[in-house]
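The structure appears below as structure tokens.
All chains are identified by letter, namely A, B, C and D, in their written order; residue positions are counted from 1 within each chain.
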């Protein structure tokens, strides 16, 4: 890591988002240390994806402050240069593998386009960098030259990761990036993410509803419900001794050996 | 539902206002001054000029003229024809009947024949279906004026079964005179409706909820009626409505080809003879009818779809 | 010709399972190409002057040098059909090009900027729907006098809302897809995203609509000419020939109307078939020549 | 012991433009009266196709070989009214309830349609029954719900409506194709609790399709694991996690991250899940199996009994002995 700065690489302070009268995100604050891995856990409608979209500027916050790499990014970027600079700080990988790539463009061209945008490398150097990124996410030259339609879901998500890393971000947001994958493929991508974090020191903000996946990838966990944070702490502590009743309910709802679904008594008419 | 209706009503009024403005503005957009346009380039005796200036208030500012023109239009006064020295509204009234009955006759053909062929093709895959697909692919490409010529050539000239010209006298003779024109106007539209009916019913048959009904042992015919047709009704009604609306403008083609004394034919002759106030009047009437029919179609389709009626997001 | 060749190239670009046109699609494309060639070369081939009338040949049967015979005023039908083909293809081409250009630009801007601009554009489009093409053409002809150019312009304007509405909804759906949003987060400019990614992925829809609207434009333009408000006599145009030949039909000489009408129908069927095939085909894409060390052709 | 459902050597091949593609090959499975069997597998394993084959909800032109016997009668020969009778008696719950319920008709219509249409019950009585069953699946004031439309209910509620609809048919066998995959984990737990309880109360047999091994084990007596259109293993659910017979089952459980602890790296399975038409000769899993031998690439193992289940692996006994040794 270049410089051991202590203060967080990403900071949300009192973040809020309303759509009409509906409050999607209510007073969310959190910090992400350099090379750290924080997971936001919650079910649909908890506001976790809206938080991610506000950080990368796809949604405009109603209130609150977002600071990434020491620079404020609460308001939308004014100039193209500012927008590009923010692209170099925070990147995102989405959930659906089948629409995360331009169907008309090969993975190699997609990654190369980002390199042209963010670096001043020459064409040959760019091609070498594309190969390095391909190796980093475990893809061969053949995959990089193929058409997205020829790639499997797992391979497409790896391309999306490589494309995000091409901008050399300090923070990578993973918005349910492995949720749509089969178990064997999910494991491969989770391992790739672990390798990438070790080799590049990029920090992860992992958005997920899957507690087991979160335990595997994140150091700290923030639990969200109906737009606000109900609990936060180190992953092991939050998952093994959940403090908030909602977290306990979440934990108890996950099927595992010996688990049996039990009906809430008052529900039966 | 009320919110939806109010929104549609506001949209309707706004559209009518703007389109009437465009029709009126045509007067000013023409080369030369409005008086020359109104007179169609003819040199008019001074008293005729005075009548025109007074009737159209040509000396007032532009917007006042427009306001006056619209106010008159709403009261049914659409100005005066230069060539026939009669009120445009009377000229229109006498011809509107022909156009209306022509469109209604053609619309019946489109809705009955088009939807029927579309349904049969969708539900009877195989020979009949491919016949309809090929047939409609041909007929949809036959525009009304080509259809008119073919029908005249075959049924009027060669077979002499039906008259090729004029309005005819009396109700039943009128119907006889309207038959060929109605079929000419309806030909391509019927084929288009048949094709959309077929594709939307087929598409509904592939939907998951139809699969659920089949998986619960409900007879095929019932599944088709209660699910495929019911759901396909919205797209079919929408397109059928739009097709009928488009016939308002196309009626002119058929009226001219068959020498029917309708609004459309009169609009063409007035455009050719540069009788601008008549053009303005008829254009306004046709645009208004077109917008009204389209709005009715949208509201009708909304009725069929509960997601809109209860204000739910569709 | 650009639209016709563009649609053909987009069609031909499909190899293997990508965007294959199928037999019908190729046949339709063949008919269109044949019509284009005849329109371009035809008038030079035929010696007869399409406007030279000779009353002695009125409704004359086919003779040497006049394979299709004569019209009511003794003019050679073949040469009139060929010269007529030129206006009947060029006219719709202008209409489609103008309306597509305006429609796509408006739609993509509205879909991309969204918010107030999108609602303003939608309201304007809603109002423009009030004017069917033929009606607007008649109004314009009454104001500016009959003529092909006025009709073409009027029809082009009348088509803009239909094209804009369709492209806008397709653009809105595409814009929400992750690969576009990822590019936004990367900081790529809106223009470069639209030009290099959004529009190319809308090509199948755009090509299909251009082809379908070509057949609508051909019919509407022929209608305007049929009224006598488009191409003015003695020039030849398929619409005027169908109209002009009507008196002949009544006297048992349907040749002029049927030939012109037939040409219209055949080409409209061809364009409809090609349009439907194009809208079914998957996007034809071009792989990046990674292995060959040519300069990286990602653009 | 003839169970309520016997599937033997079921092979399904789908017609495609270039060449026919097998999606199921030699699938054999049986469900005893009142028993719940889980069917687990990744994409392309054919688990959903197996369930749909039982009531012949197959794509047009699909070629079916082998036999499926429901209550003793072979479903292959059923046509018209008899096929409808079978489907009425073996209802199916689908993954995405919002897509599988007609959006332009009321919930009441959806619930009572089968009863009214199949001519057994009047509208009034059908609605009363519907309200009663809605109560049992945990939906209060059923009367109001009947008049509502699907877009006014949440995913969880819609899935309960789907379950209520199947119970109204008073079936003997229930097919559930990933019923909770589209739901949140807390909603999933509630819906599974409802399904599990009502199933046991009514002594219903069930075929439960899912990609979640633990979920299947939790609600099913026995669980079958499928890969590339074949059954790899069938076991009592309790033993499946800790004592798998087939290397694929073991690899699946190892690849899944655990809720209890974090592994440095997950034990991944190389390559990607294959469909039947992509599967190699010999054992379909051989290209990805850590214990592959030469024999595995040539001989295709048959499903054969072993300890209290069945397994399709040449080295099953050897690996079992090694892991217990």
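Here is the rule we go by: a contact is a pair of C-beta atoms (placed from the backbone, for glycine too) under 8 Å apart; a residue touches a chain by one contact, two chains touch by 3 or more.
Predicted, not measured: the structure shown is a model, and the values here were computed from it.
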Shared chain contacts [chain B and chain C, defined touch]: none
Geometric centre distance via CA averages, chain D-chain A, whole Å: 32
For chain A paired with chain C, centre-to-centre distance based on mean C-alpha positions, whole Å: 47
Whole-Å separation of chain centres (CA-atom averages), chain A against chain B: 54
Whole-Å gap separating chain C and chain D, where each centre is the average of the chain's CA atoms: 52
Pairwise touch network: line, ring, star, complete, or other: ring
Interchain contacts (touch definition) - all pairs: A-C, A-D, B-C, B-D
Residue ranges of chain D in contact with chain A within the complex: 42-43, 135-136, 138-140, 184-190, 192-194, 196-197, 211-215, 217-219, 241-242, 251-252, 255-269, 272-273, 288
Chain B partner contacts - residues on chain D that touch it in the complex: 55, 57, 83-89, 91-92, 94, 96, 99-105, 113-114, 117-118, 149, 151-152, 165, 169
Chain B to chain D touching residues, read off their complex: 207-209, 211-219, 222, 226-227, 230-231, 234, 304-307, 310, 312-313
Chain B to chain C touching residues, read off their complex: 11, 14-16, 18-19, 22-23, 26-27, 29-31, 37, 137-138, 140-146, 149-150, 152-153, 157, 164, 246, 248-250, 252-253, 256-257, 267-268, 270-272, 274, 276, 279, 283, 286-287, 290-291, 294
Residues of chain A defined as touching chain D within the complex: 43-44, 152, 154-155, 182-188, 190-191, 194, 209-213, 215-216, 235-236, 239-240, 249-257, 259-264, 267-269
